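Each of the two complexes below includes chain A, the first together with chain B, the second together with chain C.
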Partner chain A sequence: MSDLVVLPDRAPTEWRGTAMRRRIARRYAAERRFRALGLLAVLVSAGFLAFLLVAMLGEGARGFRQTELSLTIDFPAAHLPLTAQAVAREPRRAMIGVDLEGAVANAAERQYGAGGARLLSDGAWLTARDAILRDPDVLGRSITLWVPAATSIDIAAKDAGEPAAEAAYAKLSGRGLVRTVFAWHFLTSADSTDPTLVGIWGALKGSLLTMAVTLLLAFPIGVLSALYLEEYAPKNRWTDLIEVSINNLAAVPSIIFGLLGLAVFLQTFHLPRSAPLVGGITLALMTMPVIVIAGRNAIKGVPPSIRDAALGIGASRVQVVFHHVLPLALPGILTGTIIGMARALGETAPLLMIGMRAFVATPPGGFTDPSSALPVQIFLWSDEVSAGFIEKTSAAIVVLLAVLMAMNGVAIYLRNKFERRW
Partner chain B sequence: MSAPFLLIVIIGLAIAAWFTARARAAAFAPPTDGAQRPHSRPGQHGWYTALWVAIPALIVAAAWNVASPALVTRAVLAEPAAASIPADPLERGAILAETRALATGRVAAAFHHQAPVLAPAYAAARLRYGLMGLALAIVAGLAGGAYAYSRVRPDFRARTPVERLVMALLLIASLIAILTTIGIVASLLFESLRFFAKVSIVEFLFGLHWSPQTAMRADQVGASGTFGAVPLFWGTIFIGAIIAMIVAIPLGLMSAIFLTQYATPTVRRWVKPLLEVLAGVPSVVYGYFAALTIAPAIRTAGLAMGISSASSESALAAGLVMGVMIIPFVSSMADDSLAAVPQSMRDGSLAMGATQSETIRKVLVPAALPGIVGGVLLAVSRAIGETMIVVMAAGLAANLTANPFASVTTVTTQIVQLLTGDQEFDSAKTLAAFALGLVLFVVTLLLNIVALRVVKKYREAYE
Partner chain C sequence: MLEPRPLKVDAPKMTARSVNVYYGAKQAIRNVSIDVSMEDVTAFIGPSGCGKSTFLRTLNRMNDTVASARVEGDITLDGEDIYAPDMDVVQLRARVGMVFQKPNPFPKSIYENVAYGARIHGLASARADMDQIVERSLRRAGLWDEVKDRLHDSGTALSGGQQQRLCIARAIAVDPEVILMDEPCSALDPIATARIEELIHELRGRYAIVIVTHNMQQAARVSQRTAFFHLGTLVEYGSTSEMFTNPRETRTKDYITGRYG
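Let's turn to the complex of A and B:
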């Protein structure tokens, strides 16, 4: 070896010298900067989440409130072709052809002057109708009702209206003729063209029906596939194919499942359009891989000693799995299922593809009725031009987030309560 | 007879069969010394009998369900009142459909005057044939059950067929995944081929002009529509792979570094799930937020900066919000890769006197890079397949521009746009959506395969 290089005499590093101290100070500063950058990234991400939630909650809280106007209706003076007896006898039939809408508009004009009818919501007469149905005797006298106000007044009451509406609202509120109440009907009615009358129940019920179909299909299929792949599948090309398909399906964009639903369920099998049944099947195909993957992890977590013990005392392989492995893996599987269902609940694009974007003004009665779904309803309302829909959209988002949070809460509870370390 | 009712009856019968067969099997004399023990458990005899009830009954019910509408229609047409129905098949069909709707109570009033006359006959025939089907199903179930019950003996091996059926069920369940994949590929491919019969594949993949509007009249300008999808591909890449990643990679990576290397366990336990909430918020909520809050703010900012073309549907708004949505994906993948770097490498670096940030930048991140790259690829595939944010916040104009304040459109936006109008299913416009879907499917699939391969290779390197 010829590399016997003579090392130059090296002086020991002068750690206390100015140059070295400065260098160390620089390195420590870089360290602090880097650390601050990391903290900043976390704070920015968390801040965005907080901003999003606060904006939605703030706007949504206004959507749950509703402004009402006091309206005095003098039924005898309105000369309606209605009698208390007729209503009491056959409520629905008696109402047909009665111009209650006109009567309410007249009452508003009389009470609030010209243009008074415009202060009321288009659905104000529904309140009058309900009052008559509740007590037909009001037809014989004059009553004072709280009816929903028009969108412009409603927005003015929440300090965001146009000047004219703000002025009108100030005048009304000075006379004590307006009040703001919790909009119960938002939770009980379905879609409408008038933002003061819309409700979320139709869409929520559609979502619940869709989720029921999804759960009934995806859960058994997912659990059985997971059991097969983890416990019984021989190592061969078919099993590989199944595994590859499941892993790929989990990564396919959701809109592709919508295209599948459109081409196969609607065009080929002619299932009803925009029905929870088709939506549920489509979302089930999407959720199934999630359940399989979660299920396999949970099944893997069950120690082999349990299987060996069961086999050792004479259980068959089916008994081992269904009596021992499945019950022990179930909490994990359920957690994964709930998380998959929560994702399916928020999914919009596949449902748009299979036509669940129609205007549906009555809550669906069954699995094949045309229906909307919660996220689709949010999308549809966000497209509306009327300013009153902004806060309703946010309120619908609040409902959706509340449902999702409840589902995730249950998942976390299950995990903490039943998770077992072996 | 309604299907749910039939199903309940069959399930009820099967449950009854389960209990009777199990009771009989449980009554077998306990084995005395030397006698052979019963082969199967009482419950397995129960299952055997219950399946012999349910499966024949379900087969008969399903067959009847297919056959009975034709039988009902024939019975109704044989009524004397049906003599006045015109022979024209179209009108005949319309009247019968209305009769059906009346009889089942789906509508209250009819357009054809024959319909209300026939409705009672229709309802009666339906009931008659429904009861007949119910009776047939019950007979089939009872016959099967009786056969199985007669075989319940101590030496009968009920376990074998029951367990074989269970295994078949498991296999069928796992084949559904393959079926779904085949269904996706087949439907996309089939419709795309029909599209490429109308529009050349070269024009679709390399054309620079996208305007799918097909005209009402033949002599209108641009009557055929042009389907050059390059502006769509560019818009998708611009929003999903460039702007979103510029947001998501630094924030996700730095969050992961902070949470794994600097934060105390308590902070990590609380903040990590908090970031994961970002991935749990539905995309429609992000889309609404982007359209309502972010997009107007960006437009104002753009105008203030003197960009007069700033659009209220800017690529920047959609990309920013999408980036935020992707943060948890990048962050959790980076988290896993950083955790997989052997402790000895980090200890070695620290022992040489490197500060923690120098260790992270010069040792940990380079060592974890393949895993991080894999995670970023997965995030890109998720971003380009994302639909609602771009549908709500990005535009529809197919511009080929790199200006983030301008409006661009994406593949998913166009799919939604093309398929939600009132179009006949065969038009080039709707078929184009499937061709776009096929491209999207292939690209996301390739990204996922590459990403998983990268991640796997890297894991092997340290194991």
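Let's turn to the complex of A and C:
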């Protein structure tokens, strides 16, 4: 038996005393302080987000608009070695060696005086070419086209140009010879040296192809790894080691994966440079650990009673996994996958290492064609000297954000669709 | 230690001889021998942690899923050693079904819950066949009238007692020979409990039933044989009426009269 200890009696606690009242007041103050700090934190982050969105959308909206100039081309006067019949017969061939660019420049000089050609974008002749291809008969007459204006005019139209360009724009505008339209070609064409001609489709398609490779590799491997580690692997030192390695892999800086891709896929396996295939494999390496970790957490969240229930009526382990565990874990796995994919979509550094920073003026046709990617394209345009690229960079960012938001939307949709309540 | 006297049963459905179960270095079951009869409901009683659930789970090898668990001794089903290397554990668990402490229906429809076992064991060839299995199982589990109009509602939307009867229907659907029930009423209210006990009476004879319970009144109400476990050993095993009126062991008597437990 323990020794008896005699403890002195305590005075009864004064629950209504001043000391107690002060303690309560301090507790309330702490509550209020904490709530105010939390609210402040939320407001600051919301403010940053709003600032980013407003800045990007404002600048980006200009990138989606393009100024066009009215140009009258008198084809008979240009004496082009081109006939309507030849174009009708073999359109592409007939165009070879025809100095349409010169003809357009001459038309501009004639219409707008000396230096008139500088009002036009370098790609203005493409509009003329398309007009001829659409209807070869225009070769026999004079036509008026809306052609893309030069960058200086384009910027002046958006109230940010040089004084000389602003004056020129004001004059043209007064005569109704310029208009600003939605730049559809920005969504359909690829990179260019001229900011009035650039488009995001090349980079977007490159990114989509890359993501397809990433998803096809990282999702099955990641999910199978997660299932094996959670449902089958014995818990021992080796599986602990694998778990730590996967967690570490998820924390490796992305540029390291780029170097790995360069050394292994390009130099050892001689896969094509700048290709979505290699980009996709590299990003899959980066995304896989994220999927494994998210997948394991989702699988851990499936109640053991469901496994017992299935085992108890004689389901094999594979049946338990595929009939019960996987469907119940799927919302979590999909959310993790899409978060991993979104991260991969925004990743620039590894793609730079494997050559996806090349100037690619045509959208990739397949997985092994040279291609750019959205974040890399943004990086490249932000590096350009020409002022016209500023708003194009913002427009590209808007496209990237839109794709990311769409992916997150899909994640939320899938989670809600597959979520089961019990 | 006294060798526990296995109560001999004529043509036992399952037998256990000198069973020891270890979790790692800790021994959970010591030298238990018991026979399970086809005709009677067998109840395992005993204070918490006495090993009655552990022993129950050795009868359909659910302990295999616990990595540290190790089972020694012989357990047979119709004379076949269920721990023999050529015993298929998946088929064993279909023949020896289990109902768990907490109702655990799959988060699927009522129909799917019942049909699942029959489907994975290939018991029904046609849709009509499966419908029949589902209806028969639900009827036997006394749930048919309550759910026949909403077979495609989620099984998890039922009340606790209905969920547990759904779990019993799910176990019945694979046509088992033995049904193990691990404290099937501990999460249920008295009315749902009474319903399950009634059901156990109805199922008696068609299946060998083993029920673990720490409610002695329940053991007295539903079982014909009772086994009293204490600290991993089988203290006494006999007919329920005898055990509750005239226990041979003082420990049994103390437990039944509420001296400890």
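Keep in mind that, in the parts below, the second predicted complex is superposed on the first by the 374 of 422 C-alpha atoms of A that agree within 3 Å, B and C clash if a C-alpha of one lies under 4 Å from a C-alpha of the other, contacts with A are read in each partner's own complex, and residues count from 1 in each chain.
One rule holds in what follows: contacts are C-beta pairs under 8 Å (C-beta built on N, C-alpha and C of every residue); 3 or more make two chains touch, one makes a residue touch a chain.
Only a predicted model underlies this, so the values are computations on that prediction, with no experimental measurement involved.
Novice: State whether chain B and chain C clash or fit side by side on chain A once the two structures are superposed.
Specialist: fit
Novice: Going by the contact rule stated at the top, is it chain B or chain C that touches a larger number of residues on chain A?
Specialist: Counting contacted residues of chain A, the larger count belongs to B.
Novice: Could you look at A:Leu328 and tell me whether it touches chain B, chain C, both or neither (first, second, both, neither)?
Specialist: Only chain C is touched by A:Leu328; chain B is not.
Novice: Tell me the contact category for A:Glu14 with respect to chain B and chain C: first, second, both or neither.
Specialist: A:Glu14 sits against neither chain B nor chain C.
Novice: Is A:Glu162 in contact with chain B, with chain C, with both, or with neither (first, second, both, neither)?
Specialist: Neither chain B nor chain C is touched by A:Glu162.
Novice: With the two structures laid over each other on chain A, which partner does A:Glu419 touch: chain B (first), chain C (second), both, or neither?
Specialist: Neither: A:Glu419 stays clear of chain B and chain C.
Novice: Check whether A:Ile306 is in contact with chain B, with chain C, with both or with neither, and answer first, second, both or neither.
Specialist: After superposition on chain A, A:Ile306 lies in contact with chain C alone.
Novice: For A:Asp137, select first, second, both or neither according to whether it touches chain B, chain C, the two together, or no partner.
Specialist: After superposing on A, A:Asp137 lies clear of both chain B and chain C.
Novice: In the overlaid three-chain picture, which partner chain does A:Asp99 touch, first (chain B) or second (chain C), both, or neither?
Specialist: neither
Novice: Quick one: is A:Gly314 in contact with chain B, with chain C, with both, or with neither? Answer first, second, both or neither.
Specialist: second
Novice: Aligned on chain A, what is the least Cα gap between chain B and chain C? Give it in whole Å.
Specialist: Closest C-alpha pair between chain B and chain C: 7 Å.
Novice: Name the residues of chain A shared by its contacts with chain B and its contacts with chain C.
Specialist: 316
Novice: For the complex, which residues does chain C have touching chain A?
Specialist: 60, 62, 65, 67, 90-95, 97-100, 102, 104-107, 116-117, 120-121, 156, 167, 170-171, 173-174
Novice: Would you tell me which residues of chain A are touching chain C in their complex?
Specialist: Residues of chain A touching chain C: 234-235, 303, 305-316, 319, 323-324, 328, 420-422.
Novice: For chain B, which residues count as touching chain A in their complex?
Specialist: By the definition above, chain B touches chain A via 159, 163, 166-167, 169-171, 173-178, 180-181, 183-184, 187-188, 190-191, 250-255, 257-259, 261-263, 271, 274-275, 277-278, 280-289, 291-293, 324, 327, 331, 355-358, 360-361, 378, 381-382, 384-388, 391-392, 412, 415-416, 419-420, 425, 433-434, 437, 440-441, 444-445, 448, 452.
Novice: With touch defined as at the start, can you tell me which chain A residues reach chain B in the complex?
Specialist: 27-28, 30-31, 33-35, 37-42, 44-46, 48-49, 52, 55-56, 220-221, 224-225, 227-229, 232-233, 241-242, 245-249, 251-257, 259-260, 262-264, 267, 285, 288-289, 292, 316-318, 322, 342-343, 345-349, 352-353, 357, 375, 378-379, 382, 390, 393-394, 397, 400-401, 404, 408
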